[in-house]
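Next up: some structures, all given as structure tokens.
Next come two complexes built around subunit A: one with subunit B, the other with subunit C.
Coming up: the complex of A and B.
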């Protein structure tokens, strides 16, 4: 290996002075140890971008390995004379295991692979959930793919107009609140929709994320076109003994998560009852008993988070299906909106897959180029999407508050007597 | 429409688009619009098969994917040439 050349990077060096470990330190340490010119060049180009206040990357072109329509994002430097080692610096997306559990030997192998065939820089994990391997050249792509699939038993993830790699929270593997087996659902969907994942099928990207409970640790409601969030239908389970222990200060609220400072004694009224968004809780000071009006509860999880030993999600468990979240390109950011308030999820998840097929068939036919599902829903109207496209009934759960966002509109044939009915006549019979 | 006819039709559409000095890369959606008589999912499958046969190629921006005829318009390397090693 020839001489490596470090560029002069005063602005990058300044980033090292902050209180946190800096990526600049990491990249320099790695570059010096492994004598990687690409790592020096990438910091050199970044310094130049800071100076010029514009990017020096061009992207587009490479999409993947033979037969795949995604998984690799082509990236080229427009400063090829100055930084020849990063003339091509493609990103490789690798499908992460469900809930991102690795054996350390798998990570070691992956690092060895990337030391050898790439820049050595990687990002665990990108916001899609994939392992992101940053920086390699076109000639290496097929070798990387071969090594990944044959030695590591890993596959490329989704990019472009494909189904993006489905992602989930750690679910039942560690979390006792998980109402659904998020890992199994993610694995099943990933395997079932391999064709959609690797071959572009849609007008634009499509993301599926699975959270085990309404705490929504993978932010499915904010980032997924199709969010699956665990929930329950029956009552929150209460252990009154444990509630009294919290009130008496024997148990730490939030499982001790805020114990770094003295916040004073636990006040159940101030910290739980008054913060309930639907005001459905009551603490009887005399009887020392907690009451929950479960009909009003909207499963925000706050009380369960604060008193995990006393309160637990109910036993009648399933998931709520929401659709349409996206980041702001058109119209601004959107959260997913409830489409199916409760769906029981059991293997092989045929009900879920059928719903997905219905959505995709409609979106593939009616979505415009580069239009996310949320934008299509907005364009055709949520009422029409729910009723005409999916064939579902409008439900109270589709509405946030009665009479404030009444997007369920009637069609003429659904109204007795149509638009022309005599209202005066009707009021004669129904005066109030 | 059987698969072979559909594939032929896709190639015709691509050549027509590219031929008149028009677009060398088009969205899947545009293909589907040009062939309204076929099911969008069949068009997707046929187009992907054409890619495997080497008669079409993908072009990706990272966020979205387009289809093109190999050798027409900007190639996969997007006009970038690898610097010669001295």
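Coming up: the complex of A and C.
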């Protein structure tokens, strides 16, 4: 290894100060310690971007490993003379273990690989959930892939028009509210759909995210084409003793989430009963007893969040399946919309897999190039998608409200006598 | 169904062999020794034993101080979690330090959250105290904390963000630097529980929004403001013209033919009056660069959320259409975010998310309280714009309203 060259980066250096962990300090320390020119060059190029207020990465670049159509994103500098060590700086997406639990032995070995074959810079994690390894050259890609599969038993994640790496919240590993086994579902779907994940055959990207309860900690409803959100159908379980402890101020509301401000003593009426969106709760002050009209509950989680020791989701558990979320490009942002109000989810989740196959069959046949599922649903109409495509029953749960216009696309078979009429017959009744 | 491996795979305790791949991979026979489609490692092997024992059998949790959560299982077993912010963009040495801490206190187990925090788990209080002291003591040479503790409850937790100028080819702003500047300024809110509810901040460096920031309490979005350039001499060689035309959501791109050096070249023309600067054409065509140091900058969107708690999930709305890029500290952006956060903190009710607070007081009041200027850019004129028009006389007379007495024709 020859001499390394540090660039003059006053603006980058400014980001070493302040209390929040500094990525600049981290990268410079690493660069000095390991004598890595790529790390000096990346901060040099970033300084140039800070000066010009423009990126210095070229557009795209198709690279990958044999047999896969995704998982590696090609990246080339447009300042290759100034920053030769990052002339190519490809990204490798590595499929994270469900809910992002690790053992140091695995993480450390991954670090060893990345020191040897890449820049040493990474993200834990990328927006979709993958481990992101930033910065390597084309020649290293196959070796990285062989190292991952042989020495780390890891595989690449998704990129391009394929199934993106599924992601979930921490689920049952630590959360008492998780109504479904988010990690097992994520693992099972990821393993079952390896072909869809590695070999792009879709009109555009397709994301699956799994949240254990309506708090939706993995933002499934906002960013997954296929959102799985755990819920329950029966009654919220109440421990009246614990409710009384909250009311008496013995337990901290919302598990202590508001501890640094004096909000006054806990007021169950003001903080729980009155904030319930369906007004289905009643606190009997005389009896010191909480009543919930569970039939009217829409399972928003507020009361459970506020009194976690006292209230718990019911035992009849499953998931709501929603579809179609996406960011604004192109037709505007969309949230996922309810498709299956309640699906029982038991291993090996064949119902879930079959629903995905049904959706993909239609979308691959009918989706336009770079059209997300949510946009396809809008184009064909939610009613047609639910009834004609998926063969499901239309339900009031599918909409916030029924349509306000009567411009209904009646089907011919719904109208007595069909659409074939004789104008001569018409004129016999109604001379022109 | 797959077997659940109880302990981390023995392969991880074998040292990394830097020469193995060269021995296994033969460019002439690319299928030789190739392992494919194995998917991620099974999650079960990475769960600490206490988590495995109580999986799906947790009873409750309590945030005993900002950043520290105590989970109690039905079995009576307890686990303490210490949550720390990370820069997300980090080196293997930083990750090794995480491993060292995990080895010292947590038998090697560690977890990362959706919002780029790292979590350490211990089962006894003595270890917890030692872990917290250790984490607090670790600093970068420049003085920043390596592992600030917080991100629980009514706090500003870590910012979900994209790549920006460090690695992306379409950004209108940086990501990691802006995040650092914002979190430095909001640091006290990361490690405390003094807000009315949790505030989720996110950043996307262009409208592709890799982080889906469009449902955040406060989000920063990189935007362009100049139409794309068209490189006539290069375009037909590097772009599929019909795809480029189809990529424009407003139909502003049409095919064209030009003469360059006596040679006819196929290219496109952009109707700039129709361009909304989304950058989708550049995504499809490298010969239509849209980024521009003067034109690009940030927009602030607020009031979104993903949780179903009390009110349904909702989109964030644009409140500041443009702030110039001001590296390295983005002072104007940081100033406005702090102003919004502190105005919210001062006026919102307990449990009220930013969007719920604004809906209660009305957007007109929000603009008055925050002193953010309301300009024509904030009135929607894209798809479904009508849904945002005020079609009632329910509004408040804020300082914005002037009495109309005369009107000149």
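Here is the rule we go by: the second predicted complex is superposed on the first by the 398 of 432 C-alpha atoms of A that agree within 3 Å, B and C clash if a C-alpha of one lies under 4 Å from a C-alpha of the other, contacts with A are read in each partner's own complex, and residues count from 1 in each chain.
In the analysis below, contacts are C-beta pairs under 8 Å (C-beta built on N, C-alpha and C of every residue); 3 or more make two chains touch, one makes a residue touch a chain.
Every value quoted in this text rests on a predicted model; they were computed, and no experiment measured them.
J.: Touch check for A:369: first (subunit B), second (subunit C), both, or neither?
T.: both
J.: Please indicate which partner A:361 is in contact with in the superposed arrangement: first for subunit B, second for subunit C, both, or neither.
T.: A:361 sits against subunit B, while subunit C stays out of touch.
J.: Once chain A of both complexes is superposed, is A:302 in touch with subunit B (first), subunit C (second), both, or neither?
T.: The answer is second: A:302 touches subunit C but not subunit B.
J.: Could you look at A:116 and tell me whether it touches subunit B, subunit C, both or neither (first, second, both, neither)?
T.: second
J.: May I ask you to name which of subunit B and subunit C touches more residues of subunit A?
T.: C
J.: Which partner does A:160 contact after superposing on A: first (subunit B), second (subunit C), both, neither?
T.: first
J.: Examine A:183 and indicate which partner it touches, taking first as subunit B and second as subunit C; both and neither are also allowed.
T.: It touches subunit C, and subunit B stays clear.
J.: In the overlaid three-chain picture, which partner chain does A:58 touch, first (subunit B) or second (subunit C), both, or neither?
T.: both
J.: With the two complexes superposed on chain A, say which partner A:203 touches: subunit B (first), subunit C (second), both, or neither.
T.: After superposing on A, A:203 lies in contact with subunit B but is clear of subunit C.
J.: Touching A:84 in the superposition: subunit B (first), subunit C (second), both, neither?
T.: After superposition on chain A, A:84 lies in contact with subunit B alone.
J.: Report, in rising order, the residues of subunit A that make contact with subunit B in one complex and with subunit C in the other.
T.: Residues 58-60, 67, 91, 369-370, which sit in both footprints.
J.: Please output the residues of subunit B touching subunit A within their complex, sorted ascending.
T.: 27-30, 32, 40-41, 44, 48, 51-52, 58-65, 74-78, 80, 82-83
J.: Quick check: in the complex, which residue numbers of subunit A touch subunit B?
T.: Touch list, subunit A to subunit B: 58-64, 67, 69-70, 73-74, 76, 80-81, 84, 87-88, 91, 137-138, 159-162, 199-205, 361, 364-365, 367-370.
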